[in-house]
Each structure stands twice: as C-alpha cells, then as structure tokens.
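Here chain A shows up in two complexes: once beside chain B, once beside chain C.
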Partner chain A sequence: MQFKSQAVAKPYFIAAIGLFVGQILFGLIIGLQYVIGDFLFPAIPFNVARMVHTNLLIVWLLFGFMGGAYYMIPEEAETELFSPKLALAMFWIFLVAGAATIVGYLAVPYATLAKLTGNGILETMGREFLEQPLPTKLGIVVVALAFLFNITLTVLKGKKTSISMVLLVGLWGLAVFFLFSFYNPVNVVVDKFFWWWTVHLWVEGVWELILGAFLAFVLIKTTGVDREVIEKWLYVIVTLTLITGIIGTGHHYYWIGTPEYWQWWGSIFSALEPIPFFAMTVFAFNMVNRRRREHPNKAAVLWALGTGVMAFLGAGVWGFLHTLAPVNYYTHGTQITAAHGHMAFYGAYAMVVLMMISYAMPILRGRAANSGKAQVLEMWSFWLMTTAIVFITLFLTAAGILQVWLQRASDTPLPFMAAQEKIALFYWMREWTGVVFLIGLIIYIASFFVGGKEEKAA
Partner chain B sequence: MSGAFTKSMARNIFYGGTVFFFLLFLALSFDTHSQLPKRDMRANITPQIAEGKKLWEENNCIGCHTLMGEGAYFAPELGNVVVRYGEEGTKAFIQSRPKEGIPGRRSMPQFNFTDEQLNAIVAFLKHVNSINDANWPPNIQG
Partner chain C sequence: MTTATLSSPTPPKRLPGDLAIWFFILAELLAFAVFFAAYAFARASHVEEFNLYQQTLDRNAGALNTLLLITGSWFVARSVQAAHRDHSAAIARNLWLGWLCGAGFLVVKGFEYAAKFGAGISLSTNTFYMFYISLTFFHFMHVLLGMVILTILWVQARKGVYGSHEANGLESGAAYWHMVDLLWIVLFPLVYVMR
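Moving on to the complex of A and B:
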C-alpha cells in the first residue's frame, strides 16, 4: 500500500465480514420461523432475531464504509491518515458497543433492555432499524464524529479530489441524518415522518454517494481510465441520485397520515430513482471496456460490475415495481417490500463493501492481487451469493404477489395468517436459497485462506 | 460525455441541484406539518395513548407487525386491528397467547401486560386507526 496508515482499514474489513456471517445466520433463523413458526420460540422470538439480522447488516456495512474510507482517503489525499490511533480506538469502541448491543437483544426481553438502558430518559427504541438502546445510539454518534473528524482533517491537509468530496458529503450526511433517530415525538405521524429522514435519506440518498465514491475509486485503480472522465461521471450520477432521491422520500408518505399530494411528488420523483442506478451500471461497464490496463485483481472488477448491475436491479427495478402510489396502495407492507429490500441492500451496499474489500485486502496483505486460485474461489462466491439473492428476491416477489392477491385484491380477502399459509411454499424455497447464499459466503471466507502464486505488490 | 461538458460544470450542477431539491423538500415538509393537525388527530392524544405508544415501542411490536404498513411482515397489520377484532377482542387476543407458543405455528409472545397496560395499548391502536391515512389499508384484513 502507498501509505502506512491505510492499514487501519484491515480490522474494519475483518469485522465487517464476521458480522456479515452473523447477519446471514440470523437471516436463516427468521426465514425458518416463517415456515416453522415455533422454531426457537420463546427463546429467540422472531422480532429479536429479525432485529439482530437487520442491525448486523447496518453495522457491518458501517464497518465496511469506515474501513473503505480509511483505505481510500489517504490514497486520494496523498497523505497519511490524520490519526491512525484514533481510527483503531474507534474500531474497538464500535465493535464492543455493537457486540454488547447484540448480546443485549438476545439475553433479555426487549422491554427489560429498554429499562436497563435508560429508554425512559429519552425514548428512542422500538422503531424499525433504530431499535438500538440509547447508549448504543450515542456510541454511534461518538464513533461517527471521531471518524468524520479523522477523515475530514486528512482531506483538509492533503489533496482534495472530487471522489473525496463526494465521499465526505455522503459520510457527513450519514451522520447528520442519523440524528433524527433521537427524535421520537408522541405523535405517531410526525414520528414516522422523521423516521424516514434517517432511513430513506440514508439508503436512497447519502449512502449512494458513498457507493458512488467507492465505485469511482476502484474503477480508477483497476481500469486506469483518466480521473477527469471518471469524476465527471461520478458527479452526474450523484446529482441524479439526490435530485430524484430527496423528493423521492415522498413514496413513504402515501399512507401514514401525510397529505395526499405526496402521492404525486413521491410517485414522480421515485419513479426516476432507477436512473442514477442505471447510470452507475453504464458507468462501470463503460470504464471497464475503456480500460488502459489489465489489473491483476479480476475479482475486484467483477464486484464493481456486479454492484452496478445488482443495485440497478434491486434498488432501481424492484423499487420501481411498487413505488407508484396506485400500485403501492396494494403492495405496501407486503413481501414485495421484503423482496426489494433484500436485493437492493445486497446489490447496492453489501456488494460495494465486498468490492472495496476485494480490491484493498490483497494490498493490505502485501500483494497487488490474490493468487489465481484464490480469485477463482472468490468469483465462485460472487456467483453463488448473487444468484442466491436473485432467487430469494424472485421467490419473495412471487410470495408478495400472491399475498396481495389473496389478502387485498380478491373479492373474498383472506386473513393475514390464512394467506401466509397458502404461500408457504415460496418461503421454503427462499429458505433453501438462503442456504445456498450461506455456502457462497463460506466459500468467500475460504478464499482468504487459499495460497498459490500471488501478484507482487506494485 | 466529453467536450463542452466539463467536470466543474458537473460539480456545480451537483451542489446546486442538491441544495435546490433539498430546499424544495423542506418547503414541502413545512407545508405538510401545517396540514398535519387536521389529519393526525393530535388533539385527541391523551397520556394513556402516549403510554400505549411507549409500550408499543418497548415491546418491539414493529419487529413482527406493521403499523400503517410499516414494520416487519411476519404478523398482521395493526393500524386497523381495533376494527378487525374490536377493542375487547384485541385485548383478549394479547392476553391469551400461550407462554410456550403454539406447536409448529407463529405465535405472539406472552407479555403479561396489566389491564392498565392493555387499555393503553388499545387506546394507542385506536388512535392510529383514527388517523386520516388516505384510506389505507385496502380492506379490513390489512
């Protein structure tokens, strides 16, 4: 690697992969609970296992974002990280706080956890994805601020590239919009309104800037295409992201008590949200086709192309599928939403973090790229996990269409549980596909331990 | 994308576009909040409803259920449950959940709520049902 301090990224990446494994194991648990309702009940009820599944996802992605930024920023700014020690200290704080939170979820009933952690002082818990106890939320703020301080000062003392600037806007946005997780008014409509300022403005807003910056960085490194070209693309993509995505928040304001005009604003702007993802796909393929060098790390290029395609399919196409208000009236809160969530998160965010790890980890381990053998294994894991998520999404979509039909569109609507039983076959297929995903993940981890003839460090 | 369209133009459009659309979003949000009192029935929120919301949150109900369509998709929508089951029926359902679950089936945990807590939860759910949410869900099954 070019700068010694980039090495702090390594523990972040390792932790991200470890937590990713936990996320998938709990995903398999809740997938099984969908069809064997009393599996692990009452020891680990569905809500607890789901919370572990989603929170681990968020935390491992944050580890990946931070690791990616610590790796990328010194290289972009052409200077050592402002404080590698602070970065390492924050790593341990975040890991311990994260682990303690998960243990808390699993060890005591959620209501007890709320009492123990002072939810009475400031009620922030019990809202989807923001279930973390108050001390954890405060810990996230501390870690995020220390991280931003570190990264920002590094950029300020070094070269300020467009990629760094886009990443900084994304990361600062991430921190600022997280603050809305502390606002929980007793008025449930206002609560939900601002809940989306964290959730939507993260995943359909500022996180896409982080995605774009990482993608642009890896494309520059692996294709050798002129920085000016790549950075221009990046600006166009993130512009499209924010001008569609900010007002696109409106697609969450159809049925929660907010005025009906959001059905127009939300439908029109969120219908445009696939465009930046499509641009990202075109961008990735275009740059790889115009490459000026053959980078030895073929696996990283595969992840880069993959994240473009899968983000477009998962976030773009599957988002569009149910974003228009007249469609969403029937699909809102069904398995269609779950289908979209799975492919969008995997395609846009899991894959971009895996791309960063794929590119950076060999260099952090002192070589330009892994051995051919290790890369072949990694590419197998790419195809297994990606194919699995495609089929998980297709099965959940089928389940969702049937659910909408049976429970909402038919002349004799069935009760929720009656409809669930009729679509159980699709939940079984999803579960088995989840096992394939896990196999892919195990192969992915195995690829780190395969030797062979490695490409020497540049 | 080459020639006349330069990187600094792209950058300016990015910052300008972002600021413009964020301000537009703020304006729409501001307007929404001026309209909300007529729709969210805030005048009716009692301490009991507030307590119900707290219980809703501290027991992570959203981890299985949806409320106005948001949440997990493992258990039924509760925004209209007071219409589907009635207030007494809703309370009876929560109270009667077997501690060890139901063999092979999904079951809600037994939360051992007091009568007062049950009343608060139902008051909260009744309040949610009264919110003008553009006629969602499509039917009583949620």
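Moving on to the complex of A and C:
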C-alpha cells in the first residue's frame, strides 16, 4: 500500500465481514420463521430477529464505508491519515457498542432495554431501522464525527480530488441525516415524514454518492482510464442522483397522512431514480472496456461490474416496479417491497463494500492481488451470492404478486394470514436459496485463507 | 486570397459547451417531460376542471415572461458570439442584460404568485392548481439557478477568462440558460393557453 495509515482499514473490513455473517444467519432464522412460526420461540421472536438482521446490515455497511474511506482517502489525498490512532480507537468503540446493542436486543425484552438505556429521557426507540437505544445512537454520532473529523482533516492537508470530495459530501450527509433519528414527534405523520429523511435520504441519496465515489476509485485503479474521464462520469451520476432522489422521497409520502400532491411529486421524481443507477452500470462497463491495462485483481473488477448491474436491477428496476402511486396503492408493504429491499441493498451497498474489500484487502496484506486460486474461489462466491439474491428476489416478487392478488385485488380478498399460508411455497424456496447464499458467503471467507502464487506488491 | 481560406463553407461540427452539461440538460428535460406527461394524464380525466381554472391564470403575465426569457436568451447568445469575436466588454454586458431579463421574470412571477396565494390557492386546492404551482415553481427554481450560473459567468467574464481561445464554460452556462427558456416555451402554452 502507498501509505502506512491505510492499514487502519483492515480491522474495519474484517468486522464488516463478521457482522455480514451474523446478518445472513439471522436472515435465515427469520426466513424460517415465515414458514415455521414458532421456530426458536420464545428465545428469539421474529420481531427481535428481524431487528438484528436489519441493524446488522446497516452496521456492517457502515464498517465497510468507514474502512473504504480510511483506505481510499490517504491514497487520494496523497498523504498519511490525520490520526490512525483515532481511527483505531473509534473502531473498537463502534464494535463494542454495536455488539452490546445486539446482545441487548437478544438478552432482554425490547421494552426493558428501552427502560434500561434511558429511552425515558429522550424517546428515540421503537421505530423501524432506528431501534437502537439512545446510548448507541449517541455512540454512532460520536464515532461518525470523529471519523469525519479524521478524514476531512486528511483531505484538507492533502490533495483534494473530485472523488474524495464526493465521498466526503456523501459521508457528511450520512451523519447529518442520521440526526433526524433523534427527532421523534408525537404526531405520527410528522414522525414518519422525518423518519424518511434518515432512511430514504441515506439509501436513495447520500449513500449513492458514497457508492459512486468508491466505484470511481476502484475503476481508476483497475482500468487505468484517465481520472478526468472518470470524474466527469461521477459528476453526472451525482447530479442525476440528487435531481431524482431528493424529491423522490415523496414516494414514501403517499399514504402516511401527507397532502395528496406528494403522490404526483413522489411518482414523477422517483420514477426517474433508475437513471443514475443505469448511468453507473454504463459507467462501470464503459471504463472496463476502455481499460488501458490488465489489473491482476480480476475479482475486484468483477465486483465493480456486478455492483453496477445489480444496483440498477435491484434499486432501479425493482424500485420502479412499485414506485408509482397507483401501483403502490396495491403493493405497499407487501413482499414486493421485501424483494426490492433485498436486491437493492445487496446490489448497491453490500457489493460495493465487497468490491472495496476485494480491491484493498490483498494490498493491505502486502500483495497487488490474491493468487489465481483464491480469486477463482472469490469469483465462485460472487456468482453464488449474486445468483442466490436474484432468486430470492424473484421468489419474493412472485410471493408479492400473489399476495397483492389474494389479499388486496381479488373480488373476495383473504385475510393477511390466510394469504400468507397460500404463498408459503415461495417462502420455502426463498429459504433454501438463502442457504445457497450462506454457502457463497462461507466460500467468500474461505477465499481469504487460500494460498498459491500471489501477485507481487504493486 | 485570404477570404477563401477564412470562409470555409462547412466549419467542423462540435458540441458547444461541456458534454457533462448536456447530460445534465437532458436529465432536466426528461424530468420536466415526465411532469408534462403527468399533466396530460391528469388533465384527460379532469378536462372541465382544468379548463375552468386555467381561465383564472394571468395570461398577460405569462406572455410578458415569455418575452423576457426569449430576450434574455438572445442576450446570452450575443454574449457567446462576442466571446468568439474576442469582444470582451460585450461578453459581460450581454450576460448582465440576460440576468436582468431573468430577474424581470422572477418579479412578474412574484406578482402572479402573490395574487394566487393571496386568494388562498395552494397545492391542495385542486389537481389543476397542484400542477400549476408545481410546474411553475420547479421552473422558477431553474430560473434562479440559471441566474446563479449567469452571475458566475459574469464574474469570470469580467476577469477576462472568456474569448475565442476559451468559451467552454460560457457555452455550457449559456446552454443551460437556453434550456430554462425552452422549458418555459413548452410550459406556458401547455398550462396557461391550450385547452
């Protein structure tokens, strides 16, 4: 690696992968609970396991983003990280806080956890994805600020490239919009309105900037295409993201008690949200086709192309499927949403973090790329996990279409649970596909321990 | 002898301004196109309502604003021409005149909004007014952004950045300003006049 301090990325990446495994295990638990309702009950009820599944996802992605930033920023700024010690301290704080939170979820009832952690002082808990106890939320803010302080000062003392600027805007946005998780008004409409400022403006706003910056960085490194060309693409993608994504928030405001014009605003702007994702796909393929050199790390290039395609399919196409208000009227909160959520998160964010790890980890371990044998294994894991998520998405989409029909659109609509029983076959297929995903993940981890002739350090 | 070489009949084709600004313009046009399509879609099922409330719009103000924007675009086009001829004083002067036309547009629109909002009309009054306010407001914001861009161009022009050797930034900004104008030329007949 070019700068010693980039090494702080390594523990972040390892933690990310570890938490990823946890997320998948809990995914399998709740997938099974869909069809065997009392599986692990009362030890791990569905609502708790689901919370662990989604919270672990967010936390491992945050570890991945931070690790990616700690790796990328010194190289872009061409200077050592402002404070590697601070980065390592924050790593341990974040890891311990994250682990304690998960243990808290599993060990005591949620209401008890709320009482124990001072939810009475400032009520922030009990909302989907923002379930974290107050101390954890405060911890996230402290870690995020220390992290931003660290990388911002690094950029300020070094070279300021467009890619690091886009990454900084994305990460600062991430921190700023998280602050809305502390705002919990009594009026449930207002609550939901601002809740989306964290949830939507993360994944359909500032996180896309982080995704774009990471993708641009790895493409520069692996293809050797001129920085100016890549930066121009990045600017276009960022602009398209912001034009469509910000007012696109309105596609969550259809049925929560907000004025009717949101149905138009939300439909129109969010219908355009696939465009930046499509631009990213074209970007990735275009740059790889115009490559000026053959980078020895083929696996990283595969992840880069993969994230382009899967983000477009999962976030773009599957999002568009149910984003128009007249369609969403029927599909809101069905398995169609779950289908979209799985492929979008995997395609856009899991894959881009795995791309960063794939590119950076061999270098952090003192070689330009892993051995051919290890890369083949990693590519196997890519295909297994990616194919599995495609099928999970297809099965959930099928389940969702049936659910909409049986429960909402038919002349003789069935009650929720009656409809659920009729589509159980698809939940079983999803669960088995989930097992394939886990096998892919195990192979992914195994690829780190495979020897063979390695590419020499660049 | 020299005239023969100077007046080459087919100058090489090139894209004025930066490629990135054209992507941006196309994205903006697409967003408005979807909005216009939604307007058409909504109008189809509310023809009477749309025709009725369309009468309440101030067509004279709309026409005046059309004139202002077209004139503004003319000044900005003159500014680009001046740059190609290295007529540096005219670059900044025309940008400034273009900016004034934009400001005039905002003032006229301000009076129009004041009358409508004063009458208690809001986004939730009915579907027609929802579209009227949304479309004109999004366009209003684009005029504002266009004026910010013209201001930056003006500052640069005063520093003597632009000329026949360098017109990329000026052309990019001018292209954006023409887009703002183009959008209004579609928006005005669509929302104010056509029935």
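What we mean here is this: the second predicted complex is superposed on the first by the 458 of 458 C-alpha atoms of A that agree within 3 Å, B and C clash if a C-alpha of one lies under 4 Å from a C-alpha of the other, contacts with A are read in each partner's own complex, and residues count from 1 in each chain.
What we mean here is this: a residue touches a chain if its C-beta (ideal position, glycine included) is under 8 Å from a C-beta of that chain, and two chains touch if they have at least 3 such contacts.
Remember, predicted model here, so these are calculated numbers, not experimental data.
Enquirer: Is A:297 touching anything from chain B or chain C once the two structures are fitted on A? First, second, both or neither.
Expert: neither
Enquirer: After lining up the shared chain so the two structures overlap, which partner does A:264 touch, if you call chain B first and chain C second: first, second, both or neither?
Expert: Touch partner of A:264: chain C, not chain B.
Enquirer: Let me test your reading of the model: by the given contact rule, A:417 touches which partner, first (chain B), second (chain C), both or neither?
Expert: A:417 contacts chain B only, not chain C.
Enquirer: Which holds for A:275: it touches chain B only (first), chain C only (second), both, or neither?
Expert: Touch partner of A:275: chain C, not chain B.
Enquirer: With the two structures laid over each other on chain A, which partner does A:235 touch: chain B (first), chain C (second), both, or neither?
Expert: In the superposition, A:235 contacts both chain B and chain C.
Enquirer: After the superposition on A, what does A:358 contact: first (chain B), second (chain C), both or neither?
Expert: In the superposed model, A:358 contacts neither chain B nor chain C.
Enquirer: More residues of chain A in touch with chain C or with chain B?
Expert: The partner that reaches more residues of chain A in the superposed model: B.
Enquirer: In the superposed arrangement, does A:164 touch chain B (first), chain C (second), both or neither?
Expert: Neither partner.
Enquirer: Taking the contacts chain A makes with chain B in one complex and with chain C in the other, which residues are shared?
Expert: Common to the two interfaces on chain A: residues 232, 235-236, 239, 243, 259-260, 265.
Enquirer: What residues of chain B sit close enough to touch chain A in their complex?
Expert: Chain B residues touching chain A: 1-2, 5-7, 10-11, 13-14, 17-18, 20-22, 24-25, 28-29, 31-33, 35-36, 39-40, 42, 45, 49-50, 53-54, 56-64, 66-77, 99-107, 109-111, 127-128, 131-134, 136-142.
Enquirer: Of all residues in chain C, which touch chain A in the complex?
Expert: Chain C reaches chain A through residues 19-20, 23-24, 27-28, 30-31, 34-35, 38, 42, 123-124, 130-131, 134.
Enquirer: Within their complex, state which residues of chain A touch chain C.
Expert: Going through chain A, the ones touching chain C are 232, 235-236, 239-240, 243-244, 259-261, 264-265, 267-269, 271-272, 275.
Enquirer: Please give the residue numbers of chain A that touch chain B in the complex, ascending.
Expert: It is residues 30, 33-34, 36-38, 41-42, 45-48, 50-51, 110-111, 114-115, 119, 123, 125-128, 131, 162, 184, 186-190, 192-193, 228-229, 231-233, 235-236, 238-239, 242-243, 246-247, 249-250, 252-260, 262-263, 265, 329-330, 332-335, 337-338, 407-409, 413-417, 419-420 of chain A that touch chain B.
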